[in-house]
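What follows is chain A paired twice: with chain B in the first complex and chain C in the second.
Let's turn to the complex of A and B:
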């Protein structure tokens, strides 16, 4: 086994506005199983950050426990990272985003970490509307403990050993929508053309952006009968639309015919460009998003793409009116030690 | 694009850049791995099979492999392929017992080889084990041809040459040394079944038109003739001030030899700009290291002779301009001519063929440049039983080309003597074997070393300049040789893609350190080259295209900067990728599938 990636890179790699190639956004060599969907998601995050000219030191990666939560080691090696307790990533993210709003928060979790042990944390992160990207690498099984069914395993899905799951699955995208997430998307690790623009849009979204990514576990959940295998997902995938992300500096050049496309302007002026829209679906209308999800469920399809986008996002810092405060790390002695006079006034208040 | 046909033996051959660039197609990565494994004798034999003179070439080869080396495209310098070859020769054990052991059962055919240089010796090596009775003729008292007469001992010690020439001659070759063949007609009359002409390009170019050439002739020498006369110890001194004219490797050998025979102020003066000189860069470096200035952009105007004694030379200064087609013109700079003092002048401005001994009435056809008409594939001349090879065939090139042509001519001679079609060339021997030893384990060293190229140490200058026979380069020691060998990327270990196993998880594309692999929709090559993960701008390197995959995409691998690190295969969950070692050997005479 090779534990070290050669340091040579292609001499003709394209560079972004910061002068970085995508290699500068890579992390350590993955120790996940060969062919793991999570590695493709990591690669998509790398690509998205490269394309958006993200300065690596302005990103914090947060995760819990599990195969998915190992991945922050494998991307953005020059960014901040915090590998927290199982299912407790949202708490850490909440604290971090309150004390430093200058960082972009990237929460990475799995179906076990979010839908089982961390469910309580997950729902409150949405309810409080943290300004972060929350990616669930969803493989429907506990890969790290040999592939037991997880809470997102579909009813009737067959495990590698042959047992059939008898419980209903938790639909994380539906749940996020229900709890009021402003940006809800669903994708597949094997479809980077869709996943990368979704991640780009999520990073530019100023509120809670949730992406549920179906990510096959090649070792324990890629068998015939599983509803999270590469083959099954490819056969049952249905996209709400094709998606392009157009950054702020660029002009929209493609022309599409009226009625089957929609451009959504984000807060910073960039666009999410949707084409070949599904009938009866409007990403800005929660009802149509609910109904699209339900219809897909009825047809046993996996609906991917952007599912819902609230065009006027809010977030925890805005709600608490703390969105203008400096990061704690940048507070100086002047702010931290206001002097005897002020102390006297405070003390007088208690008399 | 259509799916790549990897069953074509030339496809993967081309991926092994060094081997592909070598005229004799020596399996370079194969012997470099053997060196790393301390199997020097085996490494030597891989070379000997392909290029007959590993010890000689490991010191003197023109190294067409090195500019081709893939390593040179991912970092600054290619692998020191040539000097690793020398390592195999320096540290080998008894290799003679690994060579074909005579006496060989005669097949009743008799061959004459005219000239005892690398081409002829290669023919002899290839044909002797097949039972041919081989007669080799050379005007000198020993074999080796220009390797002996033109390459100075400080670059190639005589013992090294003798050893390798003797490996061939000891196969029962009938040598006729000190015998100058003066008539092809006579040779033809002697009833040989085939005749091979490997007489080289023995005539050095002169400057007969230049004023003063005749008057100063006592101190004006033709480079290759002078080198030969030094090599055979007829000349052992030269004047203190020497001018060497010319910018090729012969000029470099002339100036460095002059330094060892008493030349104190030796200069190389050349017409072309320094960067465009024909000499190999390392040979120029070595000359400069021995305090020999190289003065470029100077065209010889006249020899200055006073009272019958050569005083020096006049030169016109020029500068190079390039026309629209990139053709170079040397235009005068309008500066006055310059004078350089010299006691002796060596003219090393090229050499040419000369066939005074081939009578036109033999029926041999010559072209308008007075070169014999020789078939480019078979090396057969217009007289069916006469074959050419080496510099004699198509003009001066280099030792390794002569060897390659010798192999090809030997194949032709063997086919000719067996009454077979000379154009039905035997196929190359190829072998493609998986290197998989277990999960993520390969039988080759797949790790990529970051080391930069190691420099070959040289002997002390004061020592080498005082002894013409003292070899300058010391060669790598075993430890450094290992490190240098580790720089080799194992380009012969091929990435084989089995599309029917691929589940399109993109793992290989994500892991590839040099972004060689892309999964995308098919298209025309020119279009595809622009939409890969990293643009494929090196059009000399092929794209490996798979059959259509289930999602309608294809796998495209740009061979250009693949490190052959095997990570794609390690990351593949379904073993759709495999690392397989490709061995390609050009067929030698008698190695084709003939009835035994």
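Let's turn to the complex of A and C:
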């Protein structure tokens, strides 16, 4: 069975600045359950890439294993994708990103994939500051293995079968912040207006950009008592601000009252525009980001939106000073092999 | 005690305390013999410890050019009271025991069948040096001085060696020379010298080099064009990436931009290390990792992914003594089955078995070619003995015109020419499909890499027929691999003995010596050295053309034999195992005595053939 979309293209479809239609950012048909939050996130990714004028083949999509990790087949069909093994996407992304700095690395993972089996790789990807977008589609359960609690399930959250989770939840956004991720955001699969600009900004960010997206599992964790159900999330969501992404070519037109908004300039000249800021929160200040997360937690609310943005990010390739003008894959014998004469000298050193 | 003169045939063993600077003094001794043109094999027998436990350094000197380990210590230099009882016992009858006689030797250490040479090392050091660290370091150099006089080593050789060693730190040369001289003088003043056991300059080294296998692997990775190295520290493999690092820092920095044409990541564990290699290879770079048994155990899942999704990867496994943490600083060849069939499901991997540093260099570069040609993991199985001990080796060679085999990769113009790209289509009939690097073409050639079952177009499939077609193609690829992996070495043009001997890796040294010993006894045997898995026809023919084949291995379970039996459907009774698994390199004595004991063909019968 293959789940391919029809390739027929309507001549009148709108195109972006690169001349690509929306369709060219889509992937195969989803095989996830109808209503699964993950599908909405895929749709947001497609829209963000279309709007951002990304060349599809300049993106490498990577994932682990899980319903969430399947989604890279459902977006960016013209990009290379890599569905690796459970929890190990970060290492594969690390290796890939070292090779070619011309590509954008887009990682997708689940809460089981990142917060349990892949926790080690997740934290080390952050620590090394990979230049990538890292999205966790967080449903508080293991969808693909039929709904067991994951490590992000809230204490007290009730499963479909009625059992109550007795363990504390791992807060991935808080963890990412603590470990030094330069871009930390949290969102909800059902809130496209917030999620799309966050993804756009994350893709333009030249460092580790993490988005923890609450993404309800309709089949196993959408019941009354679950803190990851659509209803619960909708009722408990609180945004740090509204967010717009203003690409480099466009002018900022809207005027907001002083104190209500903040524009953050990204490396390529584009802007993240934040409006109606949460009191006492400054996205450039880590302490206030921590405290905003903690306050929301205390009120049993889910803080969404941009949480933290370090304006001068670094990344692994910069730290390692790897060739930025030519991918390592394109280097030839000339650049790589020290040659026969040098080998003679090396041999002499062992005599 | 015989006093007949014996030249260039002895084993000297040093007993030291770990972390006291003895390693460089002992190496200086071995290198001096090498510089005198005499075949020499040093072996470091060290504990899994940083400071304080006993450590030994064994040096075999062999005019005949035997580089394997030999039992029987001719001279024991003991500067470790902890191990003294065991060290005294290990000396051959008629041998020598050199010790620090600052304190009188307890009578329990006295054997009447060996000779004692006391040198008051501590007393001399305390008299000559005031700094405690110097007292410790120069104690080692003094005993090397004593050996210089006892064995008749040319003093000038040390002057050259020290000049080389301390380039840029010339101040250190004189005190070392002084310490050497102290040792020489003490012997000259107190003993008759040289001993009947001694060394004499020869010209048996030629252009050979003295180097360890890990350095050779690291250098091979540089020459072979590896740009990404990911690893997690583990003895005895650590120095592979360390060597790679020191060479790339010298040779791989772009002179104009100052940027690196390499990337090295110390991963969080071996899983991640191999994941990084796979990610880098998928993205078109040549990449490798180095580890030892425990790391390979962790890498299993990823090895299966790379096998099934057909992603190149190079893994250097410097084997140590297992199982589990085992004896981490002892050698073995015991990861063969683990490596050959790593990961769940039907999976098997190409293995390379280097025997010498030169082969470590060559095979690492070859592994990078093979990985890309075959789009699969290539596992280089070396061991602690080869990796960490210095070996006299033919020099490294590199053909100036050698081109990397980057395998089957479509670029943008190739893609423009084809109708529909199929990542797993067997276009050429050799089981090897074409791949594309990410970012190659705006609309063609992208595909989804997955460890789930896939059809020829990389699409997910649960169709049994598609699945079978795919895994059968992998078997065809396996057949192709047989034709391009390093071929075995046959020791004879035509097989002519009824019994043959088969070996691989570091057993080569002692096996070759054993072949001579057997021939001396009238038992001339055909021999084959295997250099890779899958086994090709030559291996199969060799086994079929002998009644019995002795398979020499350094593990308990006869793992290579199992692989031979399993892969070539050989009658197990035909393969007689000679096994060594105590953590020390196998000796020729062990091989020869076992073969003589097990051989069905008596010496007389063989002579009659």
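We adopt the following convention: the second predicted complex is superposed on the first by the 317 of 351 C-alpha atoms of A that agree within 3 Å, B and C clash if a C-alpha of one lies under 4 Å from a C-alpha of the other, contacts with A are read in each partner's own complex, and residues count from 1 in each chain.
The rule is simple: a residue touches a chain if its C-beta (ideal position, glycine included) is under 8 Å from a C-beta of that chain, and two chains touch if they have at least 3 such contacts.
Bear in mind that the values here come from a model prediction, so they are computed numbers and not experimental data.
Participant: Return the chain, chain B or chain C, that is in touch with more residues of chain A.
Facilitator: C
Participant: Which partner chains sit in contact with A:99 here, chain B, chain C, both or neither? Use first/second/both/neither.
Facilitator: In the superposed model, A:99 contacts chain C only, not chain B.
Participant: Looking at A:236 after the superposition, I want to know if it touches chain B, chain C, both of them or none. Which is it: first, second, both, neither?
Facilitator: Touch partners of A:236: none, neither chain B nor chain C.
Participant: One more residue to check, A:39. First (chain B), second (chain C), both or neither?
Facilitator: Only chain B; A:39 stays clear of chain C.
Participant: Could you look at A:318 and tell me whether it touches chain B, chain C, both or neither (first, second, both, neither)?
Facilitator: Touch status of A:318: no partner.
Participant: Could you say whether A:58 touches chain B, chain C, both of them, or neither, answering first, second, both or neither?
Facilitator: second
Participant: For A:295, decide between first (touching chain B), second (touching chain C), both and neither.
Facilitator: neither
Participant: Mind sorting out which residues of chain A both chain B and chain C touch, each in its own complex?
Facilitator: Chain A residues touching both partners: 1-2, 4.
Participant: Per the contact definition, I'd like the list of chain B residues that touch chain A in the complex.
Facilitator: Its residues touching chain A are 73-75, 439-441, 446-448, 450, 503-507, 509-511, 513-516, 534-535, 537, 550-551, 561, 563, 565-567, 570-574.
Participant: Using the touch definition up top, name the residues of chain A that touch chain B in the complex.
Facilitator: Per the stated touch rule, the residues are 1-2, 4-14, 29-30, 33-37, 39-40, 42-43, 189-190, 192, 216, 218-219, 222, 230-231, 234.
Participant: Would you tell me which residues of chain A are touching chain C in their complex?
Facilitator: So the residues of chain A in touch with chain C come to 1-2, 4, 55-58, 60, 62, 72-73, 77-85, 88, 90-100, 102-103, 120-121, 124, 128, 316-317, 320-325, 327-333, 335-340, 342-343, 346-347, 350-351.
Participant: Considering only the defined contacts, which chain C positions touch chain A in the complex?
Facilitator: Its residues touching chain A are 207-211, 219, 222-223, 225, 227-228, 230, 247, 251-252, 254, 257-265, 267-269, 271-285, 287, 301-302, 305, 395-400, 402-404, 436-443, 446-452, 455, 459-463.
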